[in-house]
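Chain naming follows the written order as A, B, C and D, and within any one chain the residues start at number 1.
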Amino acid sequence: MSKERVNALSDGVFAILLTILILEFHPETIKPGHLSSLVLQQGPLFLMYVMSYFYVGNSWLFHHDYFIYVKHTTRMLNILNLLVLFTVTWINYAMVLLIETLTSGDTSDIQVAFIVYDIVAISISVSFLVIYRYLESHEEMHSFDGIEERYRRIRSDPIRSILIYLVSIGATFFSNLLAGALLFAGVIFHFVAYLRFSRVIHYGVTKSLTTNVAEKVVKEVKKI
Amino acid sequence: MSKERVNALSDGVFAILLTILILEFHPETIKPGHLSSLVLQQGPLFLMYVMSYFYVGNSWLFHHDYFIYVKHTTRMLNILNLLVLFTVTWINYAMVLLIETLTSGDTSDIQVAFIVYDIVAISISVSFLVIYRYLESHEEMHSFDGIEERYRRIRSDPIRSILIYLVSIGATFFSNLLAGALLFAGVIFHFVAYLRFSRVIHYGVTKSLTTNVAEKVVKEVKKI
Amino acid sequence: MSKERVNALSDGVFAILLTILILEFHPETIKPGHLSSLVLQQGPLFLMYVMSYFYVGNSWLFHHDYFIYVKHTTRMLNILNLLVLFTVTWINYAMVLLIETLTSGDTSDIQVAFIVYDIVAISISVSFLVIYRYLESHEEMHSFDGIEERYRRIRSDPIRSILIYLVSIGATFFSNLLAGALLFAGVIFHFVAYLRFSRVIHYGVTKSLTTNVAEKVVKEVKKI
Amino acid sequence: MSKERVNALSDGVFAILLTILILEFHPETIKPGHLSSLVLQQGPLFLMYVMSYFYVGNSWLFHHDYFIYVKHTTRMLNILNLLVLFTVTWINYAMVLLIETLTSGDTSDIQVAFIVYDIVAISISVSFLVIYRYLESHEEMHSFDGIEERYRRIRSDPIRSILIYLVSIGATFFSNLLAGALLFAGVIFHFVAYLRFSRVIHYGVTKSLTTNVAEKVVKEVKKI
């Protein structure tokens, strides 16, 4: 089956997620004369928003490159893709909890919010791990060959990110600041993992292009 | 007419529905120090959310495979498709009623919420039944042939799911738990019906591919 | 320029509009034990929702067929299309006013809400009139010829619908019921106008297909 | 890599932004008998909405023409595109602040709202400047040649718009009316800059078409 619609659905979900994160910053009421303090107060929360935005954006980048690697979709991949989107939509929920608890300042609430965010992040990594493994076990769905060795080095990156988030959950019992730093590190690692994945995919794209050209040359030469 | 835009509109609607379900879980206010109990309290409601998410997702899977079967769209199918989307958007409304009444715990309210959800589910099944029948009566719109017999076995699946939801409505007058279980069973059956439908479609796809290849071989052979 | 992205943007806007109308029906609070009366009370408002949904859906159908007629887009058509989307998004606002005033029941408020809805409807008709006229004056953008005479009969349909809405505004000063009936008639006429437009377009599509086939036959015959 | 999905994601974000701006105008409660005064009171705010709508629409027009110029996307352009969308989504936030402060009427709050809007506008211009410069330094990504000289005249337009917004920030310390007029002028200039950019792109499109035709003619002539 063509990848067109599974991509269209996913692009739609990612587009909505990227856009609605900002809606959480709408002040419900502005005490006259206090907008500047309100905006400045939102400053630190802005960092949580930026992190969440780039987390969603990064997930889109992953999805984008993953579906370059996939030659065509299947019934099972359509279903697994709904699972990926399911976990990604929870970033919005986790961000809201984090922003609201950081505003109120209650330490135990902030801890819960960090744990929720970490669990969401783990779910996302698990869902990506599942579609990685699914593709590994269906060679006929690969767009190009010859990347097996390179791919092997990065195939456990989702597991690595899960470990970071698990450590972050553990850290909440000692220090929210440390837990937050680890969560942030996890999101950064997610981006690094994307770059590593993307490089393998593009190596494959370039290689298959070169092979195609080479094959054509060989064909032409044989004709002579 | 090309199916491109009717698919694009539908993918957009499904993407929004999948994404906004989660927005209902945003806590409006968090009593400081009570986030953990709030999150745990949302736990059971989470099941309603999961059911609704996979109900919408499942409707997308149906829609996806249905439009593989459809060769091209028509004015009438465009209009009927708006009807399908109309009924699917009501899942959000039904889920909200269910979540709010389960939170407040009033038995008669929960009964009403289950009845509303069942009516929405019946409407969805009816709308799918309509586009099934529409396609049956327009053979020139089929993408491939030779699936008539297999299709006949599943063409009444929407009616079967309507019956389950009707029983669920009746059950609300005895036990909300039973009604909920039947509603859940209906959504599960919806997924089973999708799998059955999808298998017929893919049998058709594979068969028509094989036929095409066979025809080409015959042609080539005749040339010799 | 390719029509792809102007269609994608428009399909996105229409999809969101179709989906968010229902969000207005979410009850903010449910007094325990009163859900059934709340749902029944929403019944009459449901009619306003259905009207708005099919108004948006109908605008999509128009847009869909219009862009079949358009061969390619231009900078000016991209800009005019933003104007069309601008007016269509206001259906949501007008519907909310109508629903809220019909709930509270204040006669003068309902009058204002009907006037606002009529003004929105007039704006939509004007924006469609503008893109009709734009295409008329740019023959090189037509996808097919030979429909001029048929098109002439329907080119003033947007003006006809504007007249209905103007009468509806006038009627609000006598009877809200009459004004509502006229608004409803306007939306129905909008659908009739779509069918008339669509038939002309499809006559053009079929004719150009036939001409192409005929031309090919002539060519083949000449070869002999 | 194909531009398809980066365009789909962006069209999705722009479509949502265009549609949700209007949601800010929903009255939360209507004091019975006061809808007409409420609607009239929203009148002046309507101007802010129109400005924001066309600002977003204009950004889409830019994006649309920019990606005609781009032959294919790259990993880096996908990332930079997320940056562009990031800044554009903030128009919604800035508009809400502007509308709410203009409603309450507090002068210092209005000043803050104008400064926020100017900062958002500057961010958007910077993000467009970045993707301009990125494309300039990657000639292999250009869709067509021969526009270098014309492009040179407009390549600093984003910087010009940044200057206007900086002056507008300065003006808030003297007069909010002047600051608002300058912000408005900046958005108008944005549209002028789009037209200038678009003309260069379309000159390139036309020229490359002509060249292709000419080349074919030369080829045909050589055959004789």
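Going forward, a contact is a pair of C-beta atoms (placed from the backbone, for glycine too) under 8 Å apart; a residue touches a chain by one contact, two chains touch by 3 or more.
From a predicted model like this one, the values you see are computed outputs, not experimental measurements.
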Chains contacting each of chain A and chain C, listed by label: B, D
Any idea if chain C and chain D meet via the same residues, over half in common, or different ones? different
Among all chains, whose Cα centre is located farthest from the one for chain C? A
Rounding to the nearest 5 degrees, give the angle of the rotation that lays the CA atoms of chain B over those of chain C. 90
With chain centres taken as the means of their Cα atoms, state the distance from chain A to chain B in Å. 27
Multi-chain touching residues of chain B, meaning two or more other chains, are 8, 11-12, 15-16, 20
In their shared complex, at which residues does chain C touch chain D? 1, 4-6, 8-13, 15-17, 20, 75, 78-79, 82, 85-86, 89-90, 92-93, 96-97, 100-101, 104-106, 108-109, 112-113, 116
Which bits of chain C are touching chain B when the two form their complex? 7-8, 11-12, 14-16, 18-23, 25-27, 30, 32-36, 39, 53-54, 57, 60-61, 64-65, 67-68, 195, 198, 202, 205
